[in-house]
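Chains here go by letter, A, B, C and D, matching the order in which they are written, and residues are numbered from 1 within each.
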Amino acid sequence: MQLVGFPVVAGIVLLAFVANAKKSAHEKLNNPIRMASFAFSLGLFAYTTAMFFDAFADITTSGLAFNDYKFQDSYEWFPALGIHWTVGLDALSFPMVWLTTFLLPVTIIATWHEKNGATYFPTLLLMGGALIGVFVSLDLFMFYVFWELTLIPMFFLILNWGGKDRKYASQKFFIYTFTASVVMLLGLVTLYLMQPEQIGAGGKYGTMTGRTFDIPTLVEHATAANQNGWFLGESMQKVLFVMLMLGFLVKLPAVPFHTWLPDAHVQAPTGGSMLLAGVMLKMGAYGMFRLPLSMFPHALQHFQLALMIFGMVSLVWGAIVCLGQTNLKKMVAYSSVSHMGVILIGIATMQPMGWAAALFMMFAHGIISPMLFAVCGAFKHHYHSMEIGAMRGMAKHSPWLATSMMFAWMASLGLPLLAGFVAELMMFIALWYFIDLQGWSVLWMVGPALVLALTAAYYLWSMQRTIFEGGDETQPPASLNGDVVPDITNEEKMAMLILAAFTILFGVMPWIGLDMMDDYCRTFFEHMISNGIFKGGA
Amino acid sequence: MIDPALVSGLSALMFVIGLGGAFTRKNAIIVLMCIELMLNAANMQFAAAAVYHGDTTGWVYTIFAIAIAASEVAIGLAIFLAMYGQHDTISLDDVAVLKN
Amino acid sequence: MAGSTLSEIATPEITELAPLIVLLPMIAFAVILFLGRVFNGNPTWKNTVKEGGIIALGVMGAVLVLSLLLIADFIGSVQAGHDSVFHWFTSGVWDGTSAGVSTDKFGFGLYVDHITVMLLFVAAFLCLLINVFSIGYMNTDPINDNRNHRFYAEFTLFCSGMLGMVLADSFLWLFIFWEIMGLCSYLLIGFYYERPSAAYAAKKAFLTTRVGDVFLMIGLVMLWDLFGSLDYTVVFDSANIEHVAEHSAGTLQWALGLMFIGAVGKSAQFPLHVWLPDAMEGPTPVSALIHAATMVNAGLYLVARMFPFFGAEALHGDLADLAYIIAVVGGITAVMAAAIAFVQMDLKKVLAYSTMSQLAYIFTGLGCALYLANTLDWHHNEKDHYIVIVAFGAALFHLFNHAMAKGMLFMASGSVIHEVHHAHHHLHHHDDHGDGHGDDHHDEEFDAQSMENMGGLASKMPITATAMLVGSASIMGLPLIGGFWSKEGIIANAWRVAQDDPRFLLPAMCVLIGAGMTGFYMSRMWLKTFAGKPNNEVAAHVGPTNIWIKTPLFILTFVSLSSVFLAGMGFTHWAPDENYAFMQEKSLVDGIIYEMQHAFANSDAYFFIITYIAIAMGAVAGPGLAMALYGGKLEDGESAKPWMTPVISLNAWVMNRFNFDNSAFAESTLAVALQNRLYIDHYYDMAMVKIVAGLSNKVAQADSDVIDGTIKTIETGSQSLSTAVRSLTTGSARDYILMVAVGMLAIFMLVWGVA
Amino acid sequence: METTQAFSSEFYTALLPELMLFAGLLALIIIPNLGKGTFRIPGTQIRLPWFMGGERYALTSNPHLPAWIATITLTGAFLAVGDSLRGGIDSLLVMSSDADEAKELLMINGFSRVFELIFFGALALASFASMNRLKVEGIGAKLDVEKLYNNRRQADFYILMLTCGLGMSVVALAQDLFVLFIGLELASFSTYVLVAFLKETKAGAEAGMKYFIVGSVASGVGLYGLSMLYLWAGSLQFDVLAATFATSGTEPLPLIGIGFVLVGFGFKVSAAPFHFAAPDAYAGASSPVAGVLATASKAMGMVGLIRMLLIVAAPESSEGSAVWLVCLGALAALTMTWGNLAALGSTNPKRMLAYSSVAHAGYMLAGLTAVGAWTWDPSFAGQEGEAALMVLTALLFHMVVLVAFKLGAFLVLSILESDGDASRLSSLGGLAKREPLLAFGMFIFMISLAGVPPMAGFLSKLMVIMGIVNVGVGTGAESLSDFHWVWWLALLMVLNSAVSVFYYLRVAVVMFFDAPEEGREGPLPSGWQVRTSIFACVLVTILVGIFGDSILEMCRSAAESLTTNW
């Protein structure tokens, strides 16, 4: 299957559209381009969904193991450097790819009436293409290229369609994450050059450098080397682990590297926020799984405590800061920080269940957080304000928005049978199991427990002051200037319904995605254990 | 014959004077002269070295260097003229529209 | 004792239709919500379908039928039936050895045993009745126009949650449905969302129970760690328990203890009780169903579910401390809630505190039963066996009685409030009646829920008054009626345990005193509402209520009255035991006689005395005091039904004979404190505002000042560094030459230094 | 390696591009002078037409002509170089004679060819684009003096372009340090005048003066260094110098001499602290010229540095690593940091680009440092300088692609200059609305400069980093302390890249976010030449970033040809 085509086609489509959009008949172009983008994204979605249901000949997506890829495809790119256009899907990337293609049409629907649609929708597509590229690439170089490429459309989404301070926010977003990723790049390059040189080995190896950027090969290498000591040597593995993690932690983001996120989110347009929170943050976690965790298991064990601390701090700090926010979108943004802490904790438990929890959290949060931001966007769009309490009694005037908001909020606070709960539950189980196994202090449970309550607190507080209260004595926000209070548009309703439906779907039937992730984590650990890399009492 | 070392020493002195003058004097013409001094220091050294090594190429180098110096003066004066036309001064310190 | 053995009682198959019990209401939720959105305002939808009420009714009827079928299968069996319905997900853990990764399955299934059967009946039965009531109550109130579909949708979702929780086959799914109930509770308390007080109450309810849920979740996680599963079939397996007991009995006690905190939150026990009175902001059917009859029982159900741990031989004596804590929490709450109920003027608030207090009774009962199960050698000793069974059965039976009675009481109170409100409208708002103005029953100037606006309603609302009377009697534990059987059992067991363990004197005293207090406040409520003369014009104009409301009251009155038969049928022995299983022991008449003997003519002098003290307090002292203070003769010309006349006459007599001025007490510090709910809510609010909000604001500040501030400092710092660097480019060519010279020198020095 | 003598037939074949340039130069001098001029035979009244001077023909008086001649010449030379590269070039060494003691004059090999490619490519683009930058006031023979004078200057400008190209290619070819220096001076003098070409403005004249003065001092210092080297070695032939250095390289004389020469080239590549005149010169010069300074001229300086440091003071002739290693490393660190910091707050886009070009010089110097360090790990020696080859490839690649996006950026500014002014950041304001495609192009250039994938700038920067890291890591390193310290230069480089994003992105923000300046709302002046050049630059920037493998191979063979003796 020519999976390679996805991001490329998306990009080409964009370029074609941009060329079109140059015409002065800008307004007229909005609709056809919107429809075309929508159709294209829908096609992508249908395609990945079909892949999921094993629609393609001899390839099944079930039973995917660690370092085992489907739909793999490889072309020479820079043979001198051992760079290949290698793509493939495994249980790690497949849910993320599906999520991206799922969110694209939904985002388009949710922001159907965004201004300058002729350029907006193609930018969204390009964003999606770049994101897919990150997830499908099995080549370090390609991975990095797409990793950075995602910055550009997002930069423009924020800059062109963002809020008042978009200028500052877009630059901060770009520079902050770029800074982290260049350090990561240095780590990648060092990793690349520290692998044993095999000039003339052909295959994936560069003719000039004798090294390869090929991730499966590197992982194999690393596993073999890790069996007898540390791949690349103890101190080097640690250094590289830190360098790579730095890039991923900023992207995730983990406290204290998170301050770009609230700025970016608050200023970003709804569509940008949806993709940013839905997929882009997951790039950080995905990268961790794909690279450092797969290649540097010893370092992972060594830095387990540090990861746990990062996770806990993000989790708790994010939640507490949420409670102190009066801006709806900022609150939601910080809740993302908090939820990303769950992912880190899941990883730090070094339990298959914790990892599966992290993976499923990525996935679930990828469905829930777009809904959160869609709600915020609709709120902003209709009430011209982001302040909690600016609009009360929404249940009366805007029952649809109120319902969507409540649903999204409840999903995010981990209500059972909605997607987020499963991940939280597994994280809790894995964390406790781990604490008990390793004899860590019970106090480690305090943070997550506190956050369970705090999360409910800030969400309920914000609902009390937006959905409830008011009512007959309407309190429409001053920013409406006495206009009739509008409910959300049909398109927004549709997007909310879709997101809600999938939130329920994956809450009730998590196995759809979770079985795959479980296989991955299980085989990963079994692989590491059977190779003697993870030893008893680690 | 003069000891090439002495010539070298003299040329070094000339060079230092030239360089020192170049950043201590304000007048563009004087700075140009200082630069000429530096070039001539090199010329002298070339000549001395040619003698020392008994290599004729050194003389060729010297002649070329003199030609370079000459054209440099020509260009320099032309540029100073243009500068004077715009700034009404040839004091290097006063010609500072472009900075930072 | 019949010789029935395990083999004779086959393990029944769970009917394939059983999952529908959970699924049907859930589907109804979506259907009603959807249709309600579509047909909102449509006359057929409104008048015939009752905005979804009829759909809900149909579903609830079907659920009750299915439940009864399921129950019928299980009546008489002692073995739990288990059926796995679907696979949820699989995951694994690595135990740190080279053995590899475990495979842990998480699935959903149905589990039916004696506790399930009890709760299933209670839930399904009350859901149906209260649904009927709702149609009469909600759909006749103009303020609810066009939003009742929301009520019915959330109502059915709640039912689904409750039934699911009862039927679930693991603690995990118990928790999941538990949370769904919490959500519905939140939504329904906030049904009148435009009222700030309702919004506040909804939030408070959710958050307070959430605090408990956090502990519950941790408890579950610990339990999972111990057993590697949360399925009942695994965790209740005696071999597994034995294995766990070997080295981590203490951990198990902690896990169960944390789970108990969840129960405390859900069942509104001290110190997480603050949400329940506020939850009365919801529509009355909600108060009846969720906050009196079903959801608050979830906590009790959870504790009752822990019985196999307490009863396990391997854990003998290990969990006694937890059992004590359960009993003490119950005891304290029983007294505290009853005390607060003394001073409440709001009809529903009295009932709310009463609920709290009665739930506390059940907790005490469960605590005692669990203590007995844990400390007595009941597996081998016949006598001890009996004691444990009866203790556990009493608690569960009280749960049943209380649910029936309190559901009825709330419905009755709703009926009263409804009619008072109508009367008020009738009197004062002839012109704009029905325009839906204002809040539900809380007009600025008129509080339809306040007992100040009632009085003498016995003659005007005979069915309601009767139901209320029977319900109150059941709660008070008037001999032979409803809760009497179970309450006596709880008190007796508490004192029995106190004999073994003096620590239990505290809960034992509490339940004993509580009995008297219950007698007082329940009587006070009834008398203030139904006896005496109407307190004002409104109360004088209250009319009878409609058929939808009357029917469930009527049915439940009989259920409460017939509890003597239930007792005779062995409800007091409601326990997982082949020897004492339902209806296995004796015939009905024998059973009743047996219960009577035990209650009134106990051969053990100790229990004989205790029983009569309890009766004296609950049935004589409490009501007597209330009669002396409240109520009195009805308005001249009004007459109550014959069965209520003696009560009112007695009241009038007592009032005449013993009336005294209680204003000294009413104005005392204690009374003020009670009116302020002992200031507990106040301190909680203070803590939220001062500590949590204060801290979060500080942290948010630190986030932007310190963390983001660092980034901003780097930004500005590099900008000023840039200015500094660029200022070296002075614009003078001389300086440039100087820099060239300096650079040259630097190069010399570096090259020189290396070479 | 083949050898030949000057003016042999192989010599002409191999030097075809330079000869084309020379021919073009002659044409540029002669053609505009063709006219109806007559020559009176002395003593008679007979006037013979000799076609020089006098009233010009319609064609030769056309002021567009010089530009076209220069462009076509440079493009032809560019294509000739490209063509010779395509077939894979054999090295050709031009000797002064066929005698045994003959001296090496020029070397035509992949290395020099790649540099020629850079020089001619940049100059061709610049001269093509300059057609829109240097305004033609009137066409025809009969114009007033003012306009005739202006038309005359058109020819001057392009003549200087060609001499510049000629000088640069000599630098690339020279096998004798003095020949190299002559070429350098030829190119330098041309650039001095080109910078001062806008002499009717204050900034132009001042820029020319500063560039001239500082440049002269630098070349004076360099020449003095040359004389010292000559004094030491008795020859300025690279092979002689290298051989002598290998035996007596640690004496003070050659070290001082090398230090002096370093200053001379340092100015050309605008390494700190010799870069001071550069921002001023860029700001005062017309943008295409500034673009040439930032690309071709810088590459020329790099040739000098590479020859001096890698051939003469070759790393393998010293113990462990080159003597100049620390010095160059410090210079690199200083240069990149200084450049980026200064650019950070600069509000003049041209100065900003100038400082960014300083920063890029720093990156290149860092790469060069790594080449100097490759011998530190003994196990590298067995790999025939593979590590050094990699860095060198990266350096060449970087210089090649730099032409596309650095010059491209200057060309965009050139259009803005034609519109009025490009000396304020706000001049770029609203470019996205005025000219979306130009803004898009500028954005591509900016992110390519910043090193964001998938642009050519990313690939080149990655290559440089990779080269440095490769040397730094060595073989069998187990921890950071096992690394050679040049690895930290790579870290500094990525951190500097991160800093640089700030100011590159600011340009994008201004273009896409800010409103245009007052009175500058409309579209920019037309000019298809400059737009075509920009388009070509955009194309190269993107395509090389994605499909740059062949360019990479080319640079690799070029690097190999330099290091055949390794």
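What we mean here is this: a residue touches a chain if its C-beta (ideal position, glycine included) is under 8 Å from a C-beta of that chain, and two chains touch if they have at least 3 such contacts.
The shown structure was predicted, so the numbers you read here are calculated from the model rather than taken from an experiment.
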{"item": "Lowest number of touching-chain links that must be crossed from chain B to chain D", "value": "1"}
{"item": "Whole-Å gap between the CA centroids of chain C and chain D", "value": "81"}
{"item": "Separation of mean Cα positions, chain D and chain A [Å, integer]", "value": "44"}
{"item": "For chain A paired with chain C, centre-to-centre distance based on mean C-alpha positions, whole Å", "value": "39"}
{"item": "Chain centre separation in whole Å, for chain C relative to chain B (CA means)", "value": "99"}
{"item": "Touching two or more other chains - residue numbers and ranges from chain A", "value": "none"}
{"item": "Residues of chain B engaged with two or more neighbouring chains", "value": "19, 22, 31, 92, 95-100"}
{"item": "Where chain C touches two or more other chains at once, by residue number", "value": "726, 729, 731, 733, 735, 737"}
{"item": "Every chain pair in contact, whichever chains are involved", "value": "A-C, A-D, B-C, B-D, C-D"}
{"item": "Chain B residues within the chain C interface of the complex", "value": "19, 22-26, 31, 92-93, 95-100"}
{"item": "Complex contacts: residues of chain C adjacent to chain A", "value": "87-98, 100-101, 103-104, 172, 175-177, 179-180, 183, 186-187, 190, 193-196, 198-200, 202-203, 206-207, 210-211, 213-215, 217-218, 221-222, 224-225, 437, 692-693, 695-701, 703-704, 707-708, 710-711"}
{"item": "Residue numbers on chain D that touch chain C, as the complex places them", "value": "209-210, 213-214, 217-218, 221, 250, 252, 255-256, 258-260, 262-263, 266-267, 272-274, 276-277, 279-280, 323-327, 330-331, 338, 341-346, 499, 502"}
{"item": "Of all residues in chain D, those that touch chain B in their complex", "value": "103, 178, 182, 185, 189, 192-193, 196, 199-210, 212-213, 216-217, 220-221, 223-224, 226-228, 230-231, 234-236, 279-280, 283-284, 346, 351"}
{"item": "Residues of chain C defined as touching chain B within the complex", "value": "726-727, 729-735, 737-738, 741"}
